[in-house]
Each structure stands twice: as C-alpha cells, then as structure tokens.
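Listed next: structures, encoded as structure tokens.
Note that chain A is present in both complexes that follow, paired respectively with chain B and with chain C.
Let's turn to the complex of A and B:
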C-alpha cells in the first residue's frame, strides 16, 4: 500500500520543512529551558562538591549562607574541633558584589577561606593555590579574568593566581576566592567618611575617652573597626563517622545550626532554585501549548486544503483509519523533524548561554515523548475535520 | 422454432426510487419514483435541468446517500430495498463502482500510476500487481507515456484520462460519470465519450453519464431525461440490445469520431 503521508509530505516538502523548523525552534527553546534548570542544579552540586564539606555549621535558625544571612564568630571552629568526629574545620565568608573588569564590570560572589582548610577550591584548572596571606585571588573562568590579571575589590587589588571552572553561585554569579581576613575586611568595611565619623563620635564620648586611661579609646576603636565574623564553618568528619551524627551533636552542643552536605544541597536545589524551577516549568507548559497550537493549526490547514481529495479518497473506498493514519503520520513527522532540529539547535546554542546549560539524554527522551503526545493530540483536530468529510461531496459541484 | 434469447440482466436496476431531503414542511422530494435499467456494456446518458435530481440520483447509485424508498439492484444483487441496505457500502464503492468526476480530482501528491494503482491497493491487491494493472489501464487510455508524471505535470486532457483509468482500475461492472466532459472542448469531449464507449464494450461495463453537454447528448443511444424527480426514457436512433452466442448483452452507441 502506498504511504499517503510520506507522499503528501514530499509533495509540499518546502512548506512542511519550514513549519518543522519553526516547531524545532520552539522545541530547541524548550530543551534549553530544561537544560538551564539542570545547569542550575548541576552548578549547585558542583559548588558543594568542590568544598567537600561533610557538615555546614551556620547561625542558629537560619538556612545557611546561600539562603539567608548567617553570622558566626570566627573562633567557633575551635569549639567544633573539640567535638568527637570532627576532623577539620574551615571558616568561610560569602559576599556578592560587582567588580570592575576593564571598562565594564562583572557580578561575582567573593568567598573568603583559609588556605589549606575546608573552603578552599579543590580543583584548579590553571595556576596555583593561594600562598600569600593577602591580595591574591583565585577566580572562576566565567568572570573573564585570566592568570596575572588584577581584580579591584573595594580598596584593594588582588592578583589572580589560579583559575577554577564551573564554580558559580546559585544565582549563576562566578566565584572569586580570596584570603579569609581580606574577605572579612571587605565584607564589613565601611567607607572612609563613615570611619572618620565613628572615630570622632567615639573620641567625643567621655566614657570611652578618659584622660586617665590612655589605651581605652584605641582598644574600643580596634574592636569596632575589625570584623571577627564569618558566614559558615565547614566541617570534615573523621573517617568512619556519620556526618548526620556529627551535625546532630553540633546542634545539641551549642546554639548553632548544622546541615549535612546532602541537606545543604537540598536547600540549594529545593529552596533557592525552586522558584526558578517553577518559573521554568511554567515556561515549559506555555511552550508546549504554543507548540501544540502550531502543530494543530498546520495539520488542520493541511487537511482542509485537501478536503476534496479526502472526499474522493473516501468515495473510492479508502478506510477512515487510512485517512486518519495519514494525518497522524504527518503530525508525527512534523514533530520528529522539529525535534531533531530543536535538539540540534539546543546543542549548538547551549554553550553561548550566560548560564551553564546541561542537556541530559533523559530530558531529550522526555521531550521527544512529550512532542509525540502533543503531535498526536494536535492531529485530532485535523483527523476530526477529515472524518467529517462526506464522500458525497466528491459528486456534484 | 428458434430458442428464445436469454433475457439480459441489468447491471443497474432502479425501481420506484424516492429520495426526500428534510422532514415536515421543509421536506424536499428530489426523486419521486425513478425507474431505470442499464445493461452491461451500455453507455446511458442522464440529462435534465439543474435541480432536477441528477446528482441526487447519482449519489444514491454511488451508495453515498441513502434513498428514502424504492429498490436498487446492482448486478442482480439488491443493495437497497425500502430502508434495508447492504452493510459494507465502502467495499461496494471500492470494488463495484467506478467514479469519474467533472474535474479529474486526482490525488495531487501521487503520480499518474499511483493515482490509478491506489484503488486495487485499497482492495488488497499487492503493490506490484496494482501498478501493473494501473499501467495496463493507462496504456488502454493512451497515457502510459505519462505514467511517472506528477498530477501537476499533466495536461487537463491527460488528467481526465488518468481519472478514467482510475475509475476502471478495479474493473468495476458500473461506472458513474458526473459531467465528465464539462471542462473540455468539443473534440476532447467527444474523445472522452468514445473512450467510455470503447471501455464499456471491452470490459462489459455499464456506464451512466450525467451531462448537460449539448455536444455529447446526441451520441447516446439511450437517454434518461430526469425532470421534477422523475425519469423519462428516450430511445436514441438505432439502439439495439443484442445477445451474442454466449448470451452476453451488447449495446452499441454511434459516436462521432473526432476530426
């Protein structure tokens, strides 16, 4: 038996192919949206994996440094080291800011860490770890900085000595790692005018500037203008210890909140990315509806344009199932070509997105199944129109 | 004493056929008791003014609309009798009735051969056999040289020949032609009628030609004139229904040859 669908497609291939390209663009956008969500999850996981922290210790009643403001004293780590099962600890700070890069600026997340302790980026793609206590930085390649470049952060300049890859915050901002002390200063540094005002205010306070106690004002100033806070303490547990047990101990022991690595991942993926994921899901639904509408319209138009031929086919004894099969195959062909084009486009333009795009095979398979379902549903309109054609319409004017 | 000639069995027999559209005060009686008999190998004209019921009659014969009353017998088998009808009308149309339309109505995305071969394929004939049969029909209609051409590449006359070949592809005992010469000039119209006449004789097919075409009306040996839903049979000159030694019926139409 002749395959009517393939002949019809071949007959009007130009129009059919252009429609497929249009559908392919939509499918490409859909796959890219799914890829952006996967990329966000992947980035979150990559960031956490890089630090290799078994437990995240943060301010009590907070969700940690990424979701909420969290401040801890930087000597908390000493107490943690005294707990059973705690092998290593490391203070970290996080601060999102704009930094100058040539004529433009780039949004980055500054992370302070203590070299050689948890919080240090594990893998460098180029350069070396920080070796000096101040003014050296490790930057993610996505910042656009290269080795030897100088980054101005607030009042100080940092030399890039190492580069990382795929180290971005949950917002997609690339990371810049600097020494903890520098980061603490940066995070809580006031501008010169504010410092001068504060100093004048302290000096004018007779309680703090006593004539008989010459060192008091200096001590108060030193306390006021230095920062002893960090945003989190990363803990690595002793081999054989369950991070869950260690985290529970920390929570019981002091007024601190402790999350295992899995819990922190859940916070990042389940809470921080949740809104973005919902937004992407809404977009995906809209795109699916638009795709369905386009396929339905095209298939319906193609069917209506050959109503007389369908009447003749029915008159000469063609089964309804054969005609419905022809329309369904044309719709599925549209989806198949559109999907191949969409997948190709998503793969080609994926690397040019500002955010990391991860195109998973299982997402492609899901996308293909959804495309098939959409095309099948969309063909119903055309099939309905074709089945309504009266064979008698072929006879007479 | 010579033995009596066998009584020929009509390929198409209509008895008191009625068709009413609508009900109550809006009812329109399109056919008011049509009687008609067409024999194998015969080409019969069906003429009448617009709205007289020609198309309704053709649709009833083509098993695409159901009559209101009466009886239709095709090849000796009753297919409709006062509300009763045979089950598989689609198979009836596919296997026993060929259709020729005013416009060729070829399937535009199939070539000439496949347009003709589609019918045998629908009847379950294998692709190879169907295409061979299609080529045979195209040869009979003198368009075999255009067998691979797409519909858009065929001239109007070639398209009409291919549509006739399609109607014959399953070698149906009956062909219903609806204004087959309307878009053609005199010469081509007469050619089509001559082809139909030849095919009727060669394949023993009963052909009803619905027409308004003054050029071809005189060529029919027998004409049914339909007016106000009723038929009047008009005998053309020299019409003979004869039986050969095998008992087969012949009807000969005098068809002018094109200049």
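Let's turn to the complex of A and C:
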C-alpha cells in the first residue's frame, strides 16, 4: 500500500515546505511568547537565588522593596543581629535610573550592598568582587558595560571591576551593584543646584539662621543633606532555624515587615509580573487561534486544488478513510515540520531578545501537543470537502 | 519522484537533529559553563582604601572675645600672613574716650600725691620745732627756771605735731595707692583696646574673610579664618571591617579629586581612637609627604599600604564564596561541582584572596560560572559567555 500523503507532498514539495516554514515562524513566535513569560519568572527567581536571603526585612506595612517603596534606618541590622536565629544581615538599596553609556544611555537598577554581606551578587562571570568601599561597580553583562569601563552615576564615576549575569529587575532593567555608602548618597543626594537652593532657603529662614547662634545653620544643613536609610535588610538564618519563625519574630518585636524567601518570590512573581503574565496568556490564545485558522485554510485550499485527483481516487474505489487519512497526515506533517522549524527559530533568536527568554522543555512538549490537536481539528474542513466530492466530477469536469 | 521523497525526509531529520542539538547545548538542558583558575604563590600586599577630605590640622577662627562691630578688615582671602600681623579691627566705640578719662584721672592722682607730700613736709617741720621746744622745757624744769605746767604744754604740743606727721604720712600713702589704681585702670583699658585688634597667632594663609566692616559679630564668631598650610592633611574614613592593624607611619597614596592622574605620597599621621559609630568607620589622618596642595575640603581617595608584602597562596577573590556561613571555593571533581571549605586571609585591592588553609599551589578552582553553582552540578569547563 503506497502512502498517498507522502506521494502528494513529494509532488508539490516546494510549496508544502514553504507553507511549513510560514507556520513554523508562527509557532516560533508562540514559543517565544511563552519563553518571555518563563523568562520573567526565571529572572525573578534568579535574582532571589543569587542573594540567598532567607528573610527580607522591609518597612512596616509595605510590600517592599520591589513592589512598593520601603525605607529603613541602616542601623536596624544591629537590632536584627541580636535576635535568635539571625546569622547574617546585609543592608541593600535599590534605585532605577538611566546612566550614560557612550553617546546613549541605558536604564539600569542600581543596587547598593556591603561587600561580604548578603546582597552581594553571588555569581561572577569575569573580573573580581569589590575590594574598595567606594567607587567600584559590578555590572550585569546586559548593561553593555565591560571590565574597566567607567560608569557615571550622579556626580561620581565608578569603575566596573566585575561582570555578573542574570541580574535584572522585575521590569527587565539590568543591575549595577555599587558599595552601599555610595548608593545611599546616590539615592538621596540631590543635584548641586538643588543643594544650593536648599541651603539658600535654610539661610533665609530667620528661625534657623540666627545671629546669636553661629553654628546652628551648619548643623541643620548637615542634618538635612545626610542620609542613613536603606530599602531592605537581607537576613540569613542560622542553619537549622525556620525562616518563617525568624520572620515572625522580627515582625512581632521589631515593628518591621519581614518576608521569607518564598513570600518574596510570591510577591515578585505573583504581584509584579501578574499583569504581564495575563497579557501574554491572552496573546498566546490569539496566536493559537490564528495558527489554527491558517492551518485550516491551507489544508482546505490544498484539498480544493486536488479535487479532481480525489474524484479519480474515488472513482477507482479508494475508501473514504484512506482519503481522509491522507489529508490528516498532510496536516500533521505540516504541523510537525512547522513545530521543528518554530522550535529551532525560537532557540536561535531567543538570546537576541532584550529580556531573558527561557524555552522550557515542558513548554515545547505542550506546544507540540497543541500543534497536533490544532492540525487535527483544522484538517476537518479539508476532509469534509474531500468527502463531498462526487466521483463523477472526475470525468464530468 | 523518489529523490524528492528522500530529500523531504532528510530535511525533516536534519531539522529535528538541529533542534535536539540546540536543546542540549544552548537551551536549559545545557551544562553550566565554568572558568577555572589555579591557586598560586604570589606577593600579597595588604592595603586598605578609604575616602576623606583635605583638612587643616591647625585652623584658626579669629574673632573678638565680645560682641562688637567690625571696623576694618586688613587682609583678604588667600593672603599670606605672619604671626602677630594685624588682620582686622573691631570698633572700640567709647573705649578711647574712657582711656583719655583714665589718663587724666592718673594725672590728678599724681598731683594729689604732690599735695600730700607737701602736707607731710609741713607737718614734719612743725613737729621738729615742737619737739625741740619740749626738750628745752624739760631741761628748764629740772633747773626750776620754768613752771612744770609750761613744760607739760610744750610736751603736749610735740605729741600733737607727731600725730599730724603720722596723719600726713598715711594720706601720702593713700594718694600713692590712688596713682597705682588709676594706672592699672588705664592699663586695663589699653589692654581692651589692644584686644579689639585681631592679629594672626601663626604664620599662615587666610582661607576665609567671613565678616566685612560694619558687620556686628558676637563673641567667638570668626571675622577671618587662617590655616597653617603646612599642617594640611587628609582625614580619611576607613570601613571598620578593614581597619585592623592601622598604625602611625604606614605609607599611603593620596589621589585628589581635582587631579586624579597624579598619585601623591603620604604617611599615616594619626589613627583616631574614637570611631564614627554611626557610619562604622575609623578615622585616619594622612599627612602629605611633599608640599600639601592648598585646597581645603577637597575629596581625596586614600590607599594605605598596611605592611610589607608577604608571599602566600592566593586565588581570585571571585572564586571565594560563602555557603552556610562558611568560606570556601568550588572545585570540579569528575565533571561535577564540589564545595571545598578553605580558611582565607587578607584580600588585596586587585582582587586576590589569600588562602591560609585548604588548598595547595596548582589546585584549580572555579573562578567564574554562567549560573549559580550547587553541589554536584554537571559543568563544562570553558569560556563563560
């Protein structure tokens, strides 16, 4: 028994293959969309995994530091270290800003950390960790900065001494790590004009600039232009302690909000990228519908174009199941080639996306099953058309 | 027809093979790439880095000791001044008049002394006559030439004039005391006047002229500020975690923000005993080896070289990780990762960490990786990209 489908495909292979490529492009886009969502989740997880914080301590009644803003005093860690189960603490700050890179500028998230404490980027792919307490930076490779480059952040220049990867904020901005004290200055220090302006305002305030008290104005200025805040304190618990217990302890006694690592992941994944995830889900459904429609139309037109041959087949007594099988096999073949091309393309163009794209094997399997189902359903239209062909059409014309 | 069929089948197989290859080499199933580095013997130069500002060790805020109005300011910003040089004057208001008054008071008391002296002389001469008379009458009474009564009158006259002499002498002493007091009053006013002339206590440079003539200043408020330019140093803040074993005399390098290309030599001149407990920094003063630049308040980066360099085993600092509160390095055993605890020593500024225990020279450790490492992970040794 000869296989009708393979014969038919071989007959018009060029056209069939081009159609598959078209479908493959569509499947590639679909897989990439799913990959983008997976990438967002993965980025969030990679970020948290890199810090290995068991407990995140933030301002009371906030979902900080990513989902909401959070400010703590930077000596809070001393109180925390005194609590049972707390092994290590680290102050961190976060600030998203544009930094100049040659002629253009790049959007980055600046994170301040204390070298040797939690908050340090764990993974380096080149260079070295920070060894000086000021003016050095570790940049994510996605920022485009290389080792030895100088980054200007506000009024200071930082030398890139190390490169890390997979450290991006929830909105996809690559991160730049700088020493905490510099970051505090960056975050809260105003530009020089604003400082001078504020100084003049203070000097014009007769209550603060009093003739009989020469040092008062200086003291007020020093107080106004210094900053001792951080956005979060990362805590690592002593081995054997349950982070949940430590977090509850902090919440109860220190009047701060504390999240365990899992809760922070839930905030990052569940709250910050929830809208983006829904957006992508709707898009995926639309893409599936479009793919189904295209496969259906292609199979239908392919069937219509060989109406005469089908009539001849019927005339010579071919069974309906054979004809239906041929059309179904062609549809599945289209889907299979399309899927392989799509998967290949998604893998190839994945790294060129600005955000991290993760192509999970289970997503590919799911995509394959959906492709097969869609192709099967889409072939129904063609099969119906083929079965309704009158054998007499072969000779009647 | 047959070749077309084969071509089609072949094409599909190639595509499928490509997909599988990609999945295992580029996709999530690909092993983590790691870059290795060997532990090696090297010179370890332990140094610390900090930032600070150029400050004057000796800075003088020169102002009046009581409230007053500035009369004249003789120097301006940047002027070199000598010790004792007049810098500014405060309006004396009525002090000059009071000084004149004090002087005329002194003259008056001097005249009073002259009067008292004359009176004393007069009293003495009266007494001389009276006592001579009394002596004569005493002789005459013994010879019975005069009555006893007359002699007693003469004796009484002599003691009266003696009392007058004593009184005149006391008055003279009092007048002399008045002169002394008036002179002291005059000197005090002169001192006060001199105090209104603000002079430089040292050879130095004027760094600020804070008040202009006509301004009223309170006691202690600076009119002019002078620094000793040879006493400029950098007060640097060193993170407490790296501030161990800092002693006076260590060599240091200073880079000023205004001249980042040039490295100035310096020496630790003071390690302050009191740390800043809020910022957790130790304050260390570094004196310039050469002539200090005249720029007070400028930001400076300081690198202090702690000791002579020693030989030791080092690995790149990037290789040293902390897992479960323990320092260690990742090594590759049979293509899989293994965490290897080590004891670490100092970290150099160029990113090498001394290994005190746990590794020997030539041992290879993972320096860089393309993903977070976990125990027993399959890795591929090569370039991390």
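Assume the second predicted complex is superposed on the first by the 390 of 397 C-alpha atoms of A that agree within 3 Å, B and C clash if a C-alpha of one lies under 4 Å from a C-alpha of the other, contacts with A are read in each partner's own complex, and residues count from 1 in each chain.
Operating definition for what follows: a contact is a pair of C-beta atoms (placed from the backbone, for glycine too) under 8 Å apart; a residue touches a chain by one contact, two chains touch by 3 or more.
This one's a predicted model, so the numbers in the text were calculated from it and none came from an experiment.
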Chain A superposed: clash or fit between chain B and chain C?
fit
For A:265, is the partner it touches chain B (first), chain C (second), both, or none of the two (neither)?
neither
Quick check on the superposed pair: does A:125 touch chain B, chain C, both, or neither? Answer first, second, both or neither.
second
Could you tell me if A:319 is touching chain B, chain C, both of them or neither one (first, second, both, neither)?
first
Touching partner for A:198 - first (chain B), second (chain C), both, neither
neither
Between chain B (first) and chain C (second), which, if any, makes contact with A:149: first, second, both or neither?
neither
Please compute the chain B to chain A to chain C angle from C-alpha centroids in the superposed arrangement, rounded to the nearest 10 degrees.
170
Could you say whether A:11 touches chain B, chain C, both of them, or neither, answering first, second, both or neither?
both
Does chain B (first) or chain C (second) touch A:221, or do both, or does neither?
neither
When both complexes are superposed, which of chain B and chain C contacts more residues belonging to chain A?
C
On the A-aligned overlay, A:308 touches which partner chain: chain B = first, chain C = second, or both, or neither?
first
So, does A:135 touch the first partner chain B, the second partner chain C, both, or neither?
second
Aligned on chain A, what is the least Cα gap between chain B and chain C? Give it in whole Å.
8
Those residues of chain A which chain B touches in one complex and chain C touches in the other:
7, 10-11
Which residues of chain A touch chain B once you look at their complex with the stated criterion?
1-2, 4, 7-8, 10-12, 306, 308-309, 312-319, 322, 390-392, 394-397
In the complex, go through chain A and note every residue touching chain C.
6-7, 9-11, 13, 17, 46, 49-50, 75, 87-88, 116, 122-129, 131-135, 161-162, 165-166, 181, 211-212, 214, 228, 236, 238-239, 336-337, 340-341, 343-344, 347-348, 351, 358-361, 364
Residue ranges of chain C in contact with chain A within the complex
1, 4-5, 7-8, 11-12, 15-16, 18-19, 22-23, 26-29, 35, 49-51, 216, 218, 220-221, 239, 241-242, 278-279, 301, 316-318, 321-322, 324-325, 347-351, 367-372, 384-385
Flag every residue of chain B that touches chain A in the complex, lowest number first.
55, 58-59, 62, 64-65, 90-91, 93-95, 99, 101-102, 105, 107-110, 114, 117-119, 121-123, 127, 150, 166, 176, 178
